[in-house]
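For reference, chains read A, B, C and D in written order, and residue numbers begin at 1 within each chain.
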Amino acid sequence: MKQEPIFDVAQLAHFEIYSPKIEESVKFFTDILGMTEVAREGKSVYLRAYEDIYHNSLKITENSEAGIGHMALRARSPQALERRVKVLEEMGAGIGWVDGDVGHGPAYQFEAPDGHIMEIFWEVEYYEAPESEKTALLNRPQKRPGRGVPVRRIDHVNILASDTNKTVEFLEEALGFRVNERILADDNTDIAAWTSVSNLAHDIAIMGDMMGGKGRLHHICYWYGYAQNLSDVSDLLLDNGYEIEEGPLKHGVSQAQCMYVREPGGNRVELFGDAGYLIFDPDWKTVEWKGEDLQKAVVWHGSELQPEFMKYGTPDIPDPAEAVSEEVGAEKTNV
Amino acid sequence: MKQEPIFDVAQLAHFEIYSPKIEESVKFFTDILGMTEVAREGKSVYLRAYEDIYHNSLKITENSEAGIGHMALRARSPQALERRVKVLEEMGAGIGWVDGDVGHGPAYQFEAPDGHIMEIFWEVEYYEAPESEKTALLNRPQKRPGRGVPVRRIDHVNILASDTNKTVEFLEEALGFRVNERILADDNTDIAAWTSVSNLAHDIAIMGDMMGGKGRLHHICYWYGYAQNLSDVSDLLLDNGYEIEEGPLKHGVSQAQCMYVREPGGNRVELFGDAGYLIFDPDWKTVEWKGEDLQKAVVWHGSELQPEFMKYGTPDIPDPAEAVSEEVGAEKTNV
Amino acid sequence: MKQEPIFDVAQLAHFEIYSPKIEESVKFFTDILGMTEVAREGKSVYLRAYEDIYHNSLKITENSEAGIGHMALRARSPQALERRVKVLEEMGAGIGWVDGDVGHGPAYQFEAPDGHIMEIFWEVEYYEAPESEKTALLNRPQKRPGRGVPVRRIDHVNILASDTNKTVEFLEEALGFRVNERILADDNTDIAAWTSVSNLAHDIAIMGDMMGGKGRLHHICYWYGYAQNLSDVSDLLLDNGYEIEEGPLKHGVSQAQCMYVREPGGNRVELFGDAGYLIFDPDWKTVEWKGEDLQKAVVWHGSELQPEFMKYGTPDIPDPAEAVSEEVGAEKTNV
Amino acid sequence: MKQEPIFDVAQLAHFEIYSPKIEESVKFFTDILGMTEVAREGKSVYLRAYEDIYHNSLKITENSEAGIGHMALRARSPQALERRVKVLEEMGAGIGWVDGDVGHGPAYQFEAPDGHIMEIFWEVEYYEAPESEKTALLNRPQKRPGRGVPVRRIDHVNILASDTNKTVEFLEEALGFRVNERILADDNTDIAAWTSVSNLAHDIAIMGDMMGGKGRLHHICYWYGYAQNLSDVSDLLLDNGYEIEEGPLKHGVSQAQCMYVREPGGNRVELFGDAGYLIFDPDWKTVEWKGEDLQKAVVWHGSELQPEFMKYGTPDIPDPAEAVSEEVGAEKTNV
């Protein structure tokens, strides 16, 4: 009888991004995506989507360059937290406990194989809307804002890793993530993987960093669940000087009807306008896309992605291929 | 050979409603429906939806009671305007020329048979968005606002008449309206009629006033074209203390996916969340609903309407039936 | 430290309904809801929605009256299955093992407190689409059918119980269901509860049987995730002689944009046209609706439900209240 | 005072396409787009969408190569027909009267400047659904089919012309088409124009033929009005071996949320999934897109179009540019 899976992690609870233009970033998330600023502390601003249950899901920290600060997981119970910390310590991945942050209690920080900082915690602050923001819809923590086209909740994060497999195995073994879908190279090594601890098709996705970077962010994602809202927000984005990088389109992987935009700090943000497909099967066989199937994995409905989509991440780094070709070009010119 | 139809009226261009709570009414149309206040003059505020081509489509005038001020039609040409004025004068329906109003030039005012005031004009002011409101979508006169769930354009008006037939015939004969759909009583008299001069299923609808009133308004209507936006705005309405009277639902007549809400001044506002069906046939045979078909005319998808829906209009007047029964009750009690 | 929750049940995997008109029932599910008939055995027909991962999710068994045959849960692992069987046996709820059925292996059957038959199993047959039904969308087990407006997957079941609390407690204690939302009477007893083992707002809902029945079904539910598809299928239903009982509307509880129709055998079927809200919080505090909040729980957007909605279930039983009043009426007449 | 506009043409009523694979073409329109085959005569099959009012809107005629057979306009009245025929004769564009065709009476045929065959008629056959296809929705001529993802009605046609301006001027002067939008080259000559006689943003669009062809078809278009249906039909198209050429995307011009697919005969078909914006202004100023605005005209939301989109039309003809470069290449190789 196979060993039982690990059920100790419940969800992706929040993430921190770095922004060199913090006020412009905040303006983007509040005015366009209708998020609510709930706190400021030090160099950080804390934001929430109106269906986020906890106090906040996005921390933006001022920094000289864009990128991901950390990703935070909520354990399923205090006991589950203890078990995971023990394993992380044994694996030598641990950084150590922090006292907590605005919106949550003590968190154990650790480093994923590519250098991404993660944390896991149990104690959390639920959002208590001020009287003016309370809704009669009791299963919703806050009124739908009348500003922008408001996203509903945090969805997932997609990170770039120099060695996809190592990060994926770490998430599986240390934390119990299930690998739901994979894009494979011809030699069967992972190019990308979509993993989750919930019924979502992905809580964390990992893609190979084509630029040879380490610890970079591909995108964070917020959820609408309704395709019309992608169209609605596209108008706001275009009319207010934001450029839509890709989409609306529908991926094969995860069946996401979605679009990608860069917030003013430079980080890519995905907006998810589909109900998505959910995975209830506890013994799910990883879906593997390769060879001729691969194109449909990337785009099911819509146009091919630009090469930039696979290269750009934060922090932004120069393309080594272009560096070489420029050098070659330079040499040529010298001759 | 049948006489050619009249093509002299192009569209319903704007309407004026009365409100005893004008600032609350303006707040409703701007904050919830995302309309833009474009002018104030005297006791009136002028508003526009972001896809309205002309300067404004809604004039709200302070008044002791709610109701419809006037409805305005744009002629198809200056010549067409002259022809219509001549006919209206000959019919004895004319009130006379007014100098114009904010957003349009000289208008000929006239009275429909039930006392509704209408006007027809040619010269119009196109909306010129300030620089900050211009959009790169050149066929749209203004950016989509980032406020509320913004309606796109004026759609139609629905009036109550003590004698439906008389008003319908007037619209047909004096102005060239086509009767697209009808609800008929068993004796084949009109209970309600949907008429238009455009490809829409209705620019003006007329329903029998069950309360015996004269010149009342049933509702004005703004258009989204997208059902999701009805769901989006429902959240805003409910969360901000506005009551949804009916819907979202889908009528058989006009195939409107829609909802009804009362603005703070008391007037009923319909929000239209469907592409609608359009009528291109120049020889359209009026669709007649009666007897057992009638229920589907009123509601195609969704629940039956409350009796209040057919009774309430603005200005609000007491139900003669209830007055009688109360009297009867009073007498009974006296005995 | 609180005891850890039970994670042994993964999902609602299928259900069996009884139909006195089995061929008409099958026609409804295949022609209108676009489901696929995958097997027949004895008096039963097995059907699947195109995104159901396993062989089938609906078993329709010929029977003299409508109702629910059984509901089946899939355990999270073989070990989890063993643990649950042990607990069920200890509680005296067990019926015993069955060899399995079309599409799954050995199942342990048991009886919930109101007499509803349930089963739990591990071994399952994944659907293998014939070549003509395979799709290039590798995370989907079958092509979207070109027939009807096809539902995507099984969603939940809603049962009626003479004592709601007893069934809810049984699901919590024996199987680890979380109570996500509740409607409470003024004395704080459950009128209805929405429970789940997954991130869904409900896998199984339980409502008090107002007719005093036992073991009855309120409805089964299939999922679209897209509101437009409710509108699409409404046309098919109405045009083909099926009556829509309620909706489209949006509940407060579960935020379901949905509609209800009765299949020809008499069982009520809900169609779910919303992305829904998902629950990731492992320590979710049950949302409690009562008193004045209650109306919004039942209908958030749309019209009030008809009383019939709360009374009708399968098998259909006479209304004891009406029986009494008829008797009273009869007596009166006799006098 | 400016001369009054011509109101003699009511609508685009139907079109005829040529197909070298007629049975496969019919299968595409009936199985995927849910259209109904209503007649066969000679080498032609006649089809209708379920909200088309007249007998048919699409005639597919067997032919050695794909392309457009003819486009048909319905006059606004018998008198309007007479007036237009007189003008067409005077302009020397006339071909002459034909007796009619399946679904309509006598039609006057004429040739547009680039060789496209058009006709105009008055007498028409309304669709009479057989009993099994009648719907209770009396303003709809036929039940929504339970097959494929059914399109609702004919929308527009887009033709390629060697000299855009000449065709546009012909439509304006001979038939009263209004030029709603234009894409202009730097020297202000038309690259493309969108013209209509109805409130639609286009009944007929004309684009410059980049391949130097004459009388070719860019695409015909059918209308859903709902974006979700584009997503629904995309699944059917991809799963059944049809390739989606472009989209779903949203054009700036016409604000169409749409997609393009080639039917098996080779003709491009657009599917329109948006409510669209409608033009009610009788004095509409043509929207002109050029220079830096042009990109937004082509794609408002979504990815850039492939160059093939502007080149491919039916009948398909070789790219003169490639012919030249191949020759050049050949010469080079020869050296």
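Here, a residue touches a chain if its C-beta (ideal position, glycine included) is under 8 Å from a C-beta of that chain, and two chains touch if they have at least 3 such contacts.
What you see is a predicted model; the values in this text were computed from it and never measured.
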item	value
Common touching chains of subunit C and subunit B	A, D
A-C compared against C-D, more contacting pairs	A-C
Chain separated most widely from subunit A, comparing mean CA positions	B
Gap in Å, rounded to a whole number, between the CA centres of subunit C and subunit A	34
Whole-Å gap between the CA centroids of subunit C and subunit D	47
Subunit C: positions in contact with at least two other chains	136-137, 226-228, 231, 238, 296, 300
Touch-based graph of the chains, sorted into line, ring, star, complete or other	complete
Subunit B to subunit A touching residues, read off their complex	31-32, 135-137, 143-144, 146-149, 226-229, 231-232, 235-236, 238-240
Contact footprint of subunit A on subunit D as seen in their complex	227-228, 230-231, 234, 238, 244, 246-250, 257, 259, 296, 300-306
Contacting residues of subunit A [partner subunit C, same complex]	1-2, 4-5, 7, 10-11, 51, 53-54, 74-80, 126, 136-140, 152, 180-181, 198-201, 225-227, 252-255, 274-278, 280-283, 285, 287-289, 293, 296-297, 300
